[in-house]
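These notes are about the structure you will find just below.
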Amino acid sequence: MIRSLLRFIDARRLIFILVLVTLSLPLLLRWSVPPVRMTAAELLFNEIEKIPTDVPGKIVYLALDYGPGTKAESGSQAKALIEHLMRRRIKFLVTAQVLDAAPIINSIPDEVAAGLMELYPNEKWEYGIDWVNMGYTAGAGLNIQNVAKAASIPNFFKRDARGNSTAEIPLFNGVTSIESVSALIQITAYVGTLESYLQFFANEKYRPIFLHGCTSIATPQSFIYLDSGQIKGLLEGIAGAAWYGKLLSDKYPDRPVDDSVVINTTLGVAHLLVILLIVAGNFVGIFGTRASKRRTDV
Amino acid sequence: MSTALAITILAGISTLAMLSFLVRENSIYRAFEHIFIGLSAGLGLVVTVRDFLYPKILMPMFGWDIVVFPDGTIKDPGHPLAWMYAIPLAFGLLYYTMYFPRYSWMARLVIGFSFGAGGGLAIKGFFNEILPQVTASFKPLVVFDEGTIAWMSSFNNTVFVFTLLCTMAYFFFTFRRGEALRGIAGSGGRWLMMVCFGAFFGSTVMARMAILVERLQFLLIDWTDALLKVVGYV
Amino acid sequence: MNGLEHATPGALLLLAILLSALFWPKLWRYHRDTVVLRRIPGIDAIEAAVARAAELGRPASFTTSLTALGPVLYGSLGVLRFVAQKCAQYRNRLLLPQSAPDVMAVCDQAVADSYRSVGRLNAVRPADTVFLTDTQFAFAAGYMGLLQRENVGAAFLFGDFAAESLILAEAGQAVDAMQVAATTSPEQVAFFVCATDATLIGEELFAASGYLGRDEEDMKALFVQDRAKLALLVLVIVGVLLETGASIFGYESGLIQRGLQWMPSFGGAIVAS
Amino acid sequence: MIRLVTFLGGFYFFLEFLLPTEFFGFSFAPYHEYITNGIITVGVAAIGLGLISILRVHGTRILKVSPGWFPSTLLLLSMFAMIFATGNEAILDRNDAKLYERAALLREFATLVAKDGGTAELSAEARTTIALEAVETFIQELPTSAEPEADQSAFQELVVAKTELQRRIDSGSRETLPGVNEGLAQVATALRAYKTTVREASSNRKVYNLLYQGLWTALAAAMFSLLGFYIAAAAYRAFRVRSVESALMMGAAVIVMLGQIPFGVWLYEGLPALRSWFLSVPSSAAFRAIRLGAGVAALLMAIRMWLCLDRKGGKA
């Protein structure tokens, strides 16, 4: 029985088990190691801090262009940023130019708001007052251009994702053209979506400050825009989100440990495991208990 | 039980079924695999009709897109030549002759046509996609910053160009005897490629693991919560 | 510079140079005997894999994954024909997991032709062309299951791949099949290198059928491909030198770009790229 | 023959590329979309092939009750279920959309009449009555009783808007058309809100959500997450130091991995920067080189496809 089991668990399956265990444990124990300092994320944090909250008719334009596939990375970024905006009572509208984001942008602000109201029972964050969801709009760059050129953003959208006409939404009081947008925050897992904003989200006179969150794969490209000053702050993958969470916790000490830090730790562990496996593989290769199957040849 | 709850439960079961392949190919995996394929096939079919065939082809073809005001004045006359869509549609139907050996040569016509179209498009594609990448690689080997040499960017550009050229050189298949240089450049290019593949592999680990973590979170937290709800519910 | 939507004199000139070897081989002093082929290990693996599958009495499989009808598919078809011929000769089954209907039609034709060419047309089994679906991961799931259940001995992965690449390759690993992969998408090469026995990188995919054939025409095709590339290489070098010069001597940069984009006006219309 | 057809297939795109946007007053632009759609249609027409193949393979398997008949049954069932659910959703969407479009059209007409009154054939009054009657009939067609499972308050709002509009029609004249227009707008909004709740509550939507979110999306995500396991297995197997090449590959991979995790900087602070350099300088260069080479090869292959230059490859 046991012998047959051992025979069944070959190197391959052993690895699978290892992966499963090493990833599940930190998640369950909510184990968190202090994240690495991310200067780009700090830039973003400070930009949000700079946004004035007393000027009426100003909104932040939050574009979440990612699908379920990158929920762990982009999702954590979105949560952290939305929490920051809500805590500072900065009004924002959320929208997406990719279809798979449609359900996400509908649910995420609700979740964050619910969490905050749990934490502060005597405060209130309401849809239509603190944020509004404009839903998915097709047409990518073209559509973005129209928004930027529109004389009145509420009139351009006409109706929000939940079917209410923008005229009746209190958040839009005093909101006119793109000049009412104090900042654009774009979080994406898709190539080219940031570019379409960089190209089109501005008019002759005014361009809001651009803030960006990207997946770890895309960091090198995104850094080019940070260097060129086209974006003023950047969240790099989960690491960026984690450091952002740390910054939030520093400012709001009563804040519970957030997912991003846990996920960040988990992913760190996952990487260590992979590196460990590489080392182990080489040991096996050298001391040939089981020589590699066939020579991998390019 | 509410729909949302049902969805979560079902999603969890589907996830486990797929992951069960890691242990070994089993009947549950097989069942869900076939369901998955069935759903995708159905979805693909409907989406094609809903998003392309109906609105872009059939509606104009039959003039369903013509809009008339209540007093009979025409608002949108549609396109007079839209009926011509019938031609490519009929031509495309020749694909189905492949099931009748006697007429299968007709299918070859359509296939030929499609290849031709693909070829024509690709020519344009080269100038639209590849050419910009070519010109984008024209990087100055020496970069000046207010009169002084910017060493870092100069170095980066040099490495970039060197890698580019070596890698391109690696892909020469034919050569005349005694062109050793290209061979050397080639093997250099091959090494650089390996570095690049390794680097990309490394950076992809993050993305893939992130997805796995997201799924595990779903299973360990959302799904278990849902299960408990159901248990409490029953 | 942005891509060119429409041809410009500069672009046409470039096109002419790139195609010159195709239409006037003599221009490049083409002579069959002067052409020596560099060895591509992956190529030899193709035949070895088919043979191995036959020895083990396990079917072979050939997939183009989600590759659409186009040059890449066209290039892969050459290899498919070769593999199909060998399978026909070895009296071995060849599975074709398919994702797109029109591609399926094309592959069926190719297989039928190659079976006919070795006089075993009646051995073609329509049921071995398995249409899965065009959804990335549904296709991958189907492919995994198929390889397991049919216990495939050799798997060929040719074409454009995306994230599914590693899933497909690991499916082959799981049944210990000998795998040869070729892809033009560099992002996926790394995974194929890790999980398959032989990987053709980038344009080697286009060269593969030439290597397998090795007759006059193939040689010429490879020669042409190389010369076009040589022209491009030279273009890059010139461009780099010009830019370097621009940054040293301070004359205006981007000369070639402008050259490529320059457009005389027809009928009064000025055309930007 | 085949050669000719093949040539024709590519000819348009080549010509479209060859000719500038405007060539002695002639331009493809207005036709481009139509022609492209036409060419796409040819490929789309093949969609049935996949369906036939599926029905053939799995149908026979079921009929013969040969091994694997059960999964095949599931496959066909789920396929038809999806076709039904999604198709039904699409049709319902279409019907709702028709109502909204109708309202929009009526509004446009009302504004038109209010603005420039009569036409050559019809007097302003006649057109006004036509407009009002059209709105009247439109109101008739609106839902009169609330669906039981729908949001009742939304329906009440619709009723209110309706009665208001009715009032405006009854006292309708060309001058009051703008008012009618406004009323229509309110009705349209209320209608949309109500319809949304109806659809949300519909059983078809529930089935669709179960199939789409419960199964399809979940299955796709699960497949995607398999990569997490596989990438680990691949790392174990493949990164063995056998040659300079594999050593380089391994080295780069490890550096990049260490560069993107919190533990990395414990070893060396420079790692993240190093990672970024690796990815942005040598990697992107090598990638580009591969793309360029493949691009040129593809270009040549395209030409040969288009002109049927070779016996080999995919000669149809």
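In this document, chain identifiers A, B, C and D correspond to the written order of the chains, with residue numbering beginning at 1 in each.
The rule is short, and it goes like this: contacts are C-beta pairs under 8 Å (C-beta built on N, C-alpha and C of every residue); 3 or more make two chains touch, one makes a residue touch a chain.
This is a predicted model, so every value here is computed, not measured.
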item	value
Chain pair, A-D or A-B, that carries the greater number of C-beta contacts	A-D
Far-end chain from subunit A, centres as C-alpha averages	C
Chain at the geometric heart of the assembly (C-alpha centres)	B
Distance from subunit B to subunit A - Cα centre to Cα centre, in angstrom	23
Mean-CA-position distance for subunit D and subunit C (Å)	29
Mean-CA-position distance for subunit D and subunit B (Å)	14
Touching two or more other chains - residues of subunit A	12, 16, 19-20, 23, 68-69, 216, 237, 267, 270-271, 274, 293, 295-296, 298
Contacts with 2+ other chains: residues of subunit C	5, 7, 69-71, 73-74, 101-102, 105-106, 109, 133-135, 137-138, 141, 149, 173, 186-187, 189-191, 193-194, 201-203, 207, 225, 229, 232
Multi-chain contact residues (two or more partners), subunit D	16-17, 43, 46-50, 54, 68, 217, 219-221, 223-224, 226-229, 231, 233, 235, 237-239, 245-246, 249-250, 253-254, 257, 260, 279, 284, 286-287, 290-293, 296, 298-299, 301-305, 314, 316
For the subunit A and subunit D complex, residues of the former touching the latter	11-12, 15-16, 18-20, 23, 33-36, 68-69, 159, 163-165, 216, 219-221, 223-224, 237, 239, 242, 264-265, 267-268, 270-275, 277-278, 280-282, 285, 292-293, 295-296, 298
Subunit C residues touching subunit D - in the complex, by the definition given at the top	5-7, 12, 18-19, 22, 69-75, 77-78, 81, 98, 100-102, 104-106, 109-110, 126-127, 129-131, 133-138, 140-141, 149, 163, 166-167, 169-170, 173, 184, 186-187, 189-191, 193-195, 201-203, 205-207, 209, 213, 217-218, 221, 224-225, 228-229, 232, 263, 266-267, 269, 271
Footprint of subunit C on subunit D - complex, ascending	16-26, 43, 46-50, 53-54, 56-57, 60, 68, 219-220, 223-224, 226-227, 230-231, 233-235, 237-239, 249, 286-287, 290-294, 296-305, 309-314, 316
Subunit D-facing residues of subunit B, complex	3, 6-12, 14-15, 17-19, 21-22, 30-48, 50, 52-53, 56-57, 67, 69-71, 73, 75, 79, 81-82, 84-85, 87-89, 91-93, 95-96, 98-99, 108-127, 129-130, 133-134, 136-137, 156, 159-161, 163-168, 171, 189-206, 208-209, 211-216
For the subunit B and subunit C complex, residues of the former touching the latter	18, 21, 25, 29-30, 33, 36-37, 39-41, 43-44, 95, 98, 107-108, 110-111, 114-115, 118-119, 121-123, 127-129, 131-132, 134-144, 161, 164-165, 168-169, 171-177, 183, 186, 193, 196-198, 200-201, 204
